[in-house]
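Below: a set of structures, written as structure tokens.
In what follows, chain A forms one complex with chain B and a second complex with chain C.
On to the complex of A and B.
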């Protein structure tokens, strides 16, 4: 079974290398182990995460692509759909029925014809448009709804941190 | 709430692991057994005893499948390919249909890149049935018990069923409960692995492939007969399945018609 998973992951890696989606670099951490990937995601333009470069980790199960991978941000993050420990909580990372957050019925779920690329693109949209109904981080969801200015400030600080630039001192 | 969601996720995961552990002890596709072995399972159950008696008048053997939510698709895939082993004409028709199905799926906007892998493996299994000699049966059995092949066949059959539902969405919309569209239903109930099958899955697959399926329903209902349903209605059955609540196994007739 791991044989077909490996074959598929190698094919996806090749595809992502030849034809990378804008603002995303992804591949195995080391080519000895195709079941653990690193992906760098650029914060989408025109959003509070613009300019940030976010390191993430994807871990694939032995029965991939029958079951979805798990994904985690490896940097500090403050976002309604990302847990405090960095785990990403969006519908495409769940098989139907396995969704503790109770996503909308029309939300896209995992199935074997989905791909790493589809996940990463969903994560980019998630950065641009958080879903404050499914609060993996309740504080972030609340602030996103009620105090956007404060939320943007925190996002900006995180963006600078990912780039290694010190925070702006308030004047 | 955060810890609750995490907790829920853990529970779901644990639940799934337990289910897997149980089901992993059962072969994906078992050996052919005499149907009378069913009697031992329901020794103190007069309702089922009567029904098994009825079943034994019509059928000789049973082949069990792993109860992992994929049993309908896996049972159908194996039973139909086994049926085709010595039916050259029907085999050729099916092979051609299977070959062409890829373009049909791509036309329905299934992603070509991920689809191809499943189609290739599916065709490898289909071709193994057409080629070779004496060992074809044991080769089919081996492939269906090797997860890499077996699960990919299931995935592909699910895609074929999904494609059929989407092509005839206007008709099938009438059978879908709740506020879901046919596409939502396909994404949530048909395409993902381990999701159990209902009538609509069986109608979709049998219609898409134009292969008759007879399902024998064994439940606690009145009567001593095990009721048969043919899909699509009025079609000569090529595959016979036994349904017990939540699960499908393969049945073999006493005097098989072609």
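On to the complex of A and C.
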């Protein structure tokens, strides 16, 4: 019997393959290592990220699902809740007790109830509705609040860029 | 590609230089010994030979790596580089302590140590990877076993050599080597234990519950041995030489790892104790009744694998729960803090039920009556005219006649409605009026205590049932009042409208008849009061409808009309009375 983390990741992969949520493709980078996943997220409709296809990387800890995975956008992103290097800052990816922004209650933190699918869906909704109170990218948060037009312009440029690179859309 | 080209060119250059140096010496001296002496006297020649030796060591390392590990994964390579840099720095620090007997042999020994160390790290990482890889080939096993045997033998050899050397020649740099190889030996031992555990686990059909515990204790014991070794080493070094700065970083990490292992063991023991004493094993019936997937490992729970039920009625595998409790003492599903929650008073599932409903619909509780309680909880929430998603109870909007359109400013919102217009006693909060003795009885573990709790829940359920009925009455009344209001005399729609609640009301109540059988015993209960004086209720009921229509549209006053009930309204009232009878005696 393989390790419990591996079995759970395989179960989630199977579930995501059988029943994929709309606008999300996710799976291990290669099937010999289930602890590194690639996911493609489509920008939610009706938002400034509409139409974009964003490649992301998920890295799972050996003790998954007791600890949360780490998630990072592999393309350029400009968003209040995404660090400049692409790391995603949402509360369900933080283990209780680890609070980089100091505002989250433990009720919205990581727990084994969460899953890859829920993380990705949260990220989609994060793209649609940025939380400008937790500024992982302060510039983006400020612009989102004060100069929405400019923000939309940058978002559109990023969307075009993700679509312009053929390697991104292939996977 | 660039890196490979560069490495290749350096190797070839070094080889060419070495050949030139040796060839030149041999050409000049013609014989073996004179040429050796010539080379050792010439510093540039020696430098070239040292570089050649270094490159040979690296090539050897690559070959060994290919043999024992095959291709390295990027993560492994990254870790290897990182640790190598630290090791090199520390070795340089160690040189400062032993600067007196600094010699090529000394450097060679340290290089060898570093070389072997890197193989230990890689072996450790590979064995850890076993747990994460879906496919473990035969080659993997052969490689790991042979590597462990070779490394173990070398370590043992070096330790004994260092021991002999220290005994015969007194304390020297061999002390450091002896100690370093002893540490490496503990690493080998640790890897062997882990490897055995992982391989055993791989060959089992069922998940091995105790593996995590074994790993935990291995970690603790190995940590302890390492800490003792480091302390001993530092102590001896201070006595003989000076403060061994180069050992401080690994020592710090070792102590930290030991502390973590110690904490883990304590937390794990506490979690196990809590689970064994506080929480009952889930019975096969409970497993069958619930959606029996363990939320932690996403695998089915069946009677073969031990499962536990928390005070909030969530069920998990015992082993999954144990490893989670090591980190956090909360329910993974509803985040109920299990250590702060007294187990006995948490038998009432409703507060958690609500939290859970908001979060996850898939986890259903196991008590037969909680499913209904969920719906009724929803209904309670729906008092403020929110939408109702309970399947068995029609939402307020469904009872409206189809062709009665609501005015735009019409609001289905009448905050004090449930109790005041109906002249009912407000639902008795079951816990406030209890005496101390009754509360104690509620908390006790005995059969009596359980019965008291169940009775308490039944009280709540009866109250909820009543609110269902009232809400439906309210809807019907609102519809009738609305019709009156808009002047439409669409009688069939009223008829159509009223029976809907009648059909639907028994469904929540008949599905669990036992609370209702008991509810007749609850003499002081508001539900019974309501049944006793139905007539005044129904008349106030229409008053409420009138209030509603007034508040909604503020059109012509309807007082006179309301007093002369039309035949249809009388019919509707009769139906409601029947409905009450149904609620009171669901069996009849």
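One rule holds in what follows: the second predicted complex is superposed on the first by the 158 of 171 C-alpha atoms of A that agree within 3 Å, B and C clash if a C-alpha of one lies under 4 Å from a C-alpha of the other, contacts with A are read in each partner's own complex, and residues count from 1 in each chain.
As a working rule, a contact is a pair of C-beta atoms (placed from the backbone, for glycine too) under 8 Å apart; a residue touches a chain by one contact, two chains touch by 3 or more.
None of the values given here were measured: they were computed from a predicted structure.
When both complexes are superposed on chain A, chain B and chain C end up clashing with one another.
When both complexes are overlaid on chain A, the residue A:65 reaches chain B and chain C alike. Looking at the shared chain after the overlay, A:31 reaches chain C, while chain B stays out of its contact range.
When both complexes are overlaid on chain A, the residue A:138 reaches chain B alone and has no touch with chain C. Looking at the shared chain after the overlay, A:111 reaches both chain B and chain C. Residue contacts after overlaying the shared chain place A:11 against chain B and chain C alike. Residue contacts after overlaying the shared chain place A:89 against chain B, while chain C stays out of touching range. Mapped onto the common chain A, chain B and chain C collide along 187-195, the only clashing stretch among 43-51, 133-141 or 187-195. Looking at chain A, you'll find residues 1, 3-4, 7-8, 11, 63, 65-67, 95-96, 106, 111-113, 115 touch chain B in one structure and chain C in the other. Chain A makes touch with chain C in their complex at residues 1-8, 10-12, 31-35, 62-63, 65-67, 95-96, 106-107, 111-113, 115.
In the complex of the two chains, the chain B residues touching chain A come out as 1-2, 5-6, 8-9, 12, 16, 110-111, 113-115, 117-118, 121, 147-148, 151-152, 155, 159, 178-181, 184, 187-189, 191-195. Residues 73, 128, 131-135, 201-202, 204-208, 295-299, 320, 323-324, 327-328, 330, 332-333, 335, 359-360 of chain C are the ones that touch chain A when the two sit in their complex. The touching residues of chain A, counted against chain B in their complex, run 1, 3-4, 7-8, 11, 15, 63, 65-67, 83-84, 89, 95-98, 100-101, 105-106, 108-115, 118, 135-138.
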